[in-house]
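Right after this note come the structures.
What follows is chain A paired twice: with chain B in the first complex and chain C in the second.
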Partner chain A sequence: MTQNPYIDVLLNALLAVLFIIITSFGLGSLARYLAKWTGASKRKQESTFAGYLFASPWIVGFLIFVIIPLGYSLFWSFTDYRVTDNAPPNWIGLDNYAQLILKDTGFRSSIVNTLFLTSVGLPVMIAVALFLAVLLNQKTRGERLFRMAFYLPVILGFNTAVLLSWRLMLNTGTGIINQLIRALSTAFPPFSYLTRGIIFIQELISAFFLGISSGKYALFNRVLEAGLPAANRVPLWVESPLWSKMSVVLLMVWGCGAMMLIFLTGLNNIPRELHDAADVDGANDWQHFWKISFPLLTPYVFYNLVVGLIACLQIFEPIYVLYRDNQPLVPSAISMVYYLWQASFRNFEIGYGSAISWLVLLLILMVTAIQFMLQKRWVNYELY
Partner chain B sequence: MRTKLLTLFLLVAILITGCAPAATQAPVTEAPVVVTEAPVVEEPPTEEPVVATEAPVTEPPAAEPVTLKIYLLDYTADTITWLKEEINTEFEAMYPGVTVEITEGSWSGWDTTFAGFFAAGEGPDIINLGSEMNTLYGPSLADMEAYLGEAAWPDIANFGPALENAKFDGKLRGLPIFTAPRYVFCRTDLAVGSLPPANFADWITFAKENTIIDPATNSLTQQALVPVDAGSMADWQWWLLVFYSLGGELYEADGTPNFDSLEALATTQFMLDMRQATYGPATDAVGALPAGQGSVIDVNDATGANNGAVCLAHSGWAAPAFDRPIWENISIEPFYGDPANFPNSKPVVLAFNDWLAVADYSPNKELAAEWLKMAFSKDANHKWNETMSLIPSRNDAQFGYVTDSPQLKREAELASQYGVGFAGIAEAAKLSVIMQEALGKLITEELTPEEVVTQIQEQYIAALGE
Partner chain C sequence: MHTAWLIIKRIVLYIFLTGATIMMCFPLFWMISSSLKTLQETNSPGIVLVPAHPTLAAYIEIFHNTDFLRAYFNSVFYTTLALIGTLFSVAVVAYAFSRIKWPGRNVVFFLMLSTMMIPSQALLVPQYVFFNKLHWIGSFNPIVIPGFFAGGAAMIFLLRQAMAQIPIELDESAFMDGANHLLVFWEIILPLVKAPLAIVATFLFVGLWNSLLAPLIYLQTVSLYTLPVYVSTLYNINSAVQPWPTIMTAAVLTTVPLMVVFFFAQRYILEGIVISGLKG
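Up next, the complex of A and B:
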């Protein structure tokens, strides 16, 4: 009998359903037994059984798809395990962690790059999202269209067409972004000085971060010595190690639609009476925003900050999309998760990759805990 | 409520378990094949060469239903159609009960997919690999000498140098499909100065004379030489090509990397000199050629303007299509190295190839070998490559469209004369990262050529030690 892959899939699905039913029933029975053991009433036992029976598909899924892989990952992080070696994992204790923390300069670079993207990219992202939310909160014609337009990047993600568009837009010579910079610089000479100043400062910062990564500051000194760039200089977006991270920041900002929606919700939740009262007091637009809207938006800023920070510390996709086939620029933009992917899926060192993932997790937990501790100082929950 | 739930559960369970035995048949169907193959597959060919050579001939066709799974990456629709309609159909007729299943994947993301196969210890029997992957996957690939070695299959003698890329530890792991070397294509109508530049000094002069920067945009409008990565001009594969052309060997006799050699330093210096002759100093921040359509050494049909490159050091697929009129003005050469300073210099075309390997976890190794023999016969290897206009890896398959096309004929001649395989690189993935990081810092002038080779040597030794 020739095998039919479609029937195989169907049967596997049915077996999965059977497995879920059995495990759900088992978990429900276990819960009921425990309830009985603790002296619960018959009615309580039945409701415990029913509750766990219906919740157990998710509990089982969580166990299978989260807890068990987590356990394996933790175990592998203490082993030398390479899937292509055709050999079982070899226990090496803390060697992977020691290598990563003390010796691996590549991992150090990835941490520095991730910090750059977080410290530069995230504030810009939040600022742009807030700015767009404030603009779109005004009653203007076509506001829904604008909202959709700014949210569209979140839906589009980083597909091939998007990648190609960005590559074309970021092209140094003919890309629309640099063409606009050139046109504006020609039309308004002060803009040229502004652009050159920004280029100089950005390249200086990038060179400094690259210096931290490598421990050598020759490039930083060279940029500093060169001084203000020539009048015809434009950013070398996806072309120079000095601009590789800023190109990623651009893509991050482009995808700030989700943050914008959250701010928009927050703005809509602010009672109109507060603004009316401020109008009576003669407040101008800036005072409206800074004295009323922003303080009441701080819980939303905090949420975006926490979620955004976690996303930034796990950043992978924009770097993969921009530099996957532009290998010379990868080292200057590589993030921790890209490094993890490289170790796990290019070098196939699953043990080493697992250790990286646990270090990333620890870092995220630490940063998030600090954020929660600091929130008391600046987040205003009075309205909520 | 409990009774109702229990009844519902029992009904569903009975219904599903009624179907279950069919699902469990899948592994069972393959089991007899494993058993019948076992004595042959596991037999080390060196111990019992006679048995090994006879085995493929005496093995009866598989009696049980078996699916031979093949995973191919980015082949054209024509190729897949031909494989399915001709090769697979013929193979299935020859082996009743065997179904050949081709899965089409992409080079984008292949590594993650393959990691899954090897981690799970199951997946396609035959997988599609690139040149340098023999060292990476080698331990997980089946030793196919017993089935494809010269004693078992005399046709193997007809394969060209690309066959080396399909080996690990000196043992065949599969067969190469095509050879795709990297040549130096030059526009004879555009070039200022003599072609081809025959040493490093000539190349530097050539780069200066043939590169044009538009001062208005501070970007290139014409680039003398476009290597694999046009922007950085410091791709690690390009570095290796230049290194080999100086007579450089990647490893010493004891396996120590050779990045501390004179050839390595000269290659790195050449990378920097060429970059600066083209783009100027790093602080000039000159922009690269604009991304365009078609080959970078072709002419834009709509505007009549050149696409920007005078010379292109790349595979044939990056050159114009063979029917383009521009070929009247394009020469094809190897890279000649620097004979003026390095007497061991030799013309080189760096040969890449795709190959099909048999995974060690496969329970159908013999069937896989039989399918490979059919798909890599003289005519089949010719046909497979004809659908893609590539050079077949079998020397005797290089006829018809290969010899009819002056470009392919020239490329095939250069490949057989000067081809150096891009293979045998230990920890290739790690070396690429190490080299790209160091070479990236070379072009930004963050590191000197001496520091670059020292860094690569140290980090590569550490990577090999791990």
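Up next, the complex of A and C:
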């Protein structure tokens, strides 16, 4: 092992390439031998060899980086394995799972927070993406520029740099977002009522979700009794447990460009004749959208829902950058992956972390399966 | 009356589009603007959209910060290496799934698609232990090498869709002339999927450049930190005053490569080639 990290990784990359080439030839030859053994034609033997030769980088990687790790983590999830002490893992049966599901309040918070993101954040995100797609579909001038602007956040993504820019903007006292809200509220009193209404509803929802995760609804009652907040109230984006999740939702909605692009493809695939026919019948824009476009877009809504849900379960960066080490806020914001990171790589509880991994995995598979079962009821594939 | 209504609708449309554009680009604008401010201005209680006296002090400071410069180099280095390995192996595997008929192809393809459901984070723990056994913790290996094994099922799928659209007669005539698969892959197929390759390369680049979790877990030492990990350390929740101009300068410099790549790739990405295979 060399001391220079750059040369080290270059050497290892070279070794990896050699390893891949050797295993590929090995796998290809094995496949050819098997084909010969089953009595395939010479031509078929050759294509079998070539197929496995070309596919084996993935096959080998799948075994090394997916199947074997999954097997190990399944085993460890039933043990008390810790990576720091060199003791071998002890079998403790279902203890990790029982602890996680029944007792661990941190894990419960992470599930409830994810529920908030998927039930409050995701619908808003999809609605905004759809709205922007419909706007862009009106064949405007400078369409490309608008598309670029809407897609830009997807490229910037959850890069730490961009998240810190948001952190600066979301400052409660001096952040630009609250400054603008204050300025607009002073200038137009109706705007003040609007923001206060939104603040009230948002805090009510957040307090309710905090109630689910803690089992105590005192905060919810307090928010409800306090009623409409005072005139000078502003959102407490990254300062209050009532707002920590909403800030993440804001970031999600900001990054809705990928979904928008998918909706735009969907809108383009709708046959022009359908809208022409509706025009003859005197349909207005509203009817055009709800009677024609939306039903035909449901496959795209479904796709975005499936992909978005999986993405929600995996959110990590915003929580790490915005709330790491901020003890009062962490439980109100942590996602499942953040909790996984905390247990596995801060406390090095490999057994426990493995159990979390498996629960996350099962949850994603379950939720996706449910979505696929429910899709028959509302997704419209007839035209395709 | 009718035309007046249409004009009003048009105006409202443009107002909405412009408003949304401003909101979408605002964080970027704010980043740039704040990097040119003084510390007092970033914490001022008034609205300072553009600093009255822009200062490059933060830029000068950060160019003397060796940790930042090294993190920048590390990011460029690891992204390039991982990108080359991943792009090449993904293309090779996509070729196997689209241009060769072999027994078991459908099964393996289905397996590959189903891995899209497995969140990479669910594999972090056992992979960490595995890399620990290899003594790879505290090196670039864990964030570079796995990509060489065709990491990224979605990318394979995307390239496969593109390759499958090329008429098979092209390969057959090449085989008649005595070419082999390697030659067909390199000389015929790859040049025909340049645009999808550009898209895949862009997505891979963005993913690697923005990646935080894996570098955070595996790199461990400051001298190896990539930009996202290093920049996150600039913001310290426990200190009373954050050096916002410095942080925002680092942020601007971090996003520049993303902007450049996006500028060149947007023509491919925004035309929606990516999702043409989605229907149904």
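As a convention for this text, the second predicted complex is superposed on the first by the 364 of 384 C-alpha atoms of A that agree within 3 Å, B and C clash if a C-alpha of one lies under 4 Å from a C-alpha of the other, contacts with A are read in each partner's own complex, and residues count from 1 in each chain.
Keep in mind that, in the parts below, a residue touches a chain if its C-beta (ideal position, glycine included) is under 8 Å from a C-beta of that chain, and two chains touch if they have at least 3 such contacts.
Note that this is a predicted model, so its numbers are computed, not measured.
Overlap between chain B and chain C is detected when the two structures are superposed via chain A.
Shared-chain residue A:L18: touches chain B; no touch with chain C. With both structures placed on the common chain, the touch criterion links A:S344 to chain B and to chain C.
Once the two complexes are laid over each other on the shared chain, residue contacts for A:I270 go to neither chain B nor chain C.
When the shared chain is aligned, chain B and chain C each come close enough to touch A:D8.
Which of chain B and chain C touches more residues of chain A is settled by the count: it is C. Shared-chain residue A:N326: touches chain B and chain C both. Residue contacts after overlaying the shared chain place A:I92 against neither chain B nor chain C. In the superposed pair of complexes, A:I64 makes contact with chain C only, with no contact to chain B.
Contacts of A:L224 after superposition: neither chain B nor chain C is touched. In the superposed model, A:L204 lies in contact with neither chain B nor chain C. Residues 1, 5, 8, 12, 17, 50, 53, 83, 167-168, 173-174, 324, 326, 344-345, 350 of chain A are contacted both by chain B in one complex and by chain C in the other. By the touch criterion stated above, chain A contacts chain C in their complex at residues 1, 5-6, 8-10, 12-13, 16-17, 20, 31, 35, 47-48, 50-55, 57-62, 64-66, 68-70, 72-73, 76, 83, 132, 135-136, 138, 140, 144-153, 155-162, 164-169, 173-174, 176, 179-180, 183, 254, 257, 261-262, 264-265, 268-269, 299-300, 303, 310, 313-314, 316-317, 320-321, 324-326, 337, 340-341, 344-345, 350, 353-354, 357-358, 360-361, 364-365, 368, 381, 384. Considering their complex, residues 13-14, 16-17, 20-21, 23-28, 30-31, 34, 42-47, 77-78, 81, 85, 89, 92-93, 95-97, 100-103, 105, 108, 111-112, 115, 117-119, 121-130, 132, 135, 139-141, 144-146, 148-151, 156, 181, 185, 206, 209-210, 212-213, 216-217, 223-224, 227-229, 231-232, 234-235, 237-238, 244, 247-248, 250-252, 254-255, 258-259, 261-262, 266, 269-270, 272, 274-276, 278-280 of chain C touch chain A.
Within the complex formed with chain A, the residues of chain B that make contact are 1-2, 5-6, 9, 12-13, 16-17, 19-20, 22-23, 26, 29, 65, 67, 97, 99, 101, 108, 111-112, 115, 118-119, 136-140, 214-221, 229, 231-232, 234-236, 282-283, 285, 287-291, 360, 427, 429-430, 432-433, 436-437, 439-441, 443-447, 459. Of all the residues in chain A, the ones that touch chain B in their complex are 1-3, 5, 7-8, 11-12, 14-15, 17-18, 21-22, 25, 46, 49-50, 53, 83-87, 105-106, 109, 167-168, 171-174, 178, 182, 210, 214, 216, 218-219, 222-223, 226, 229-230, 232-234, 236, 239-242, 324, 326-332, 342, 344-348, 350.
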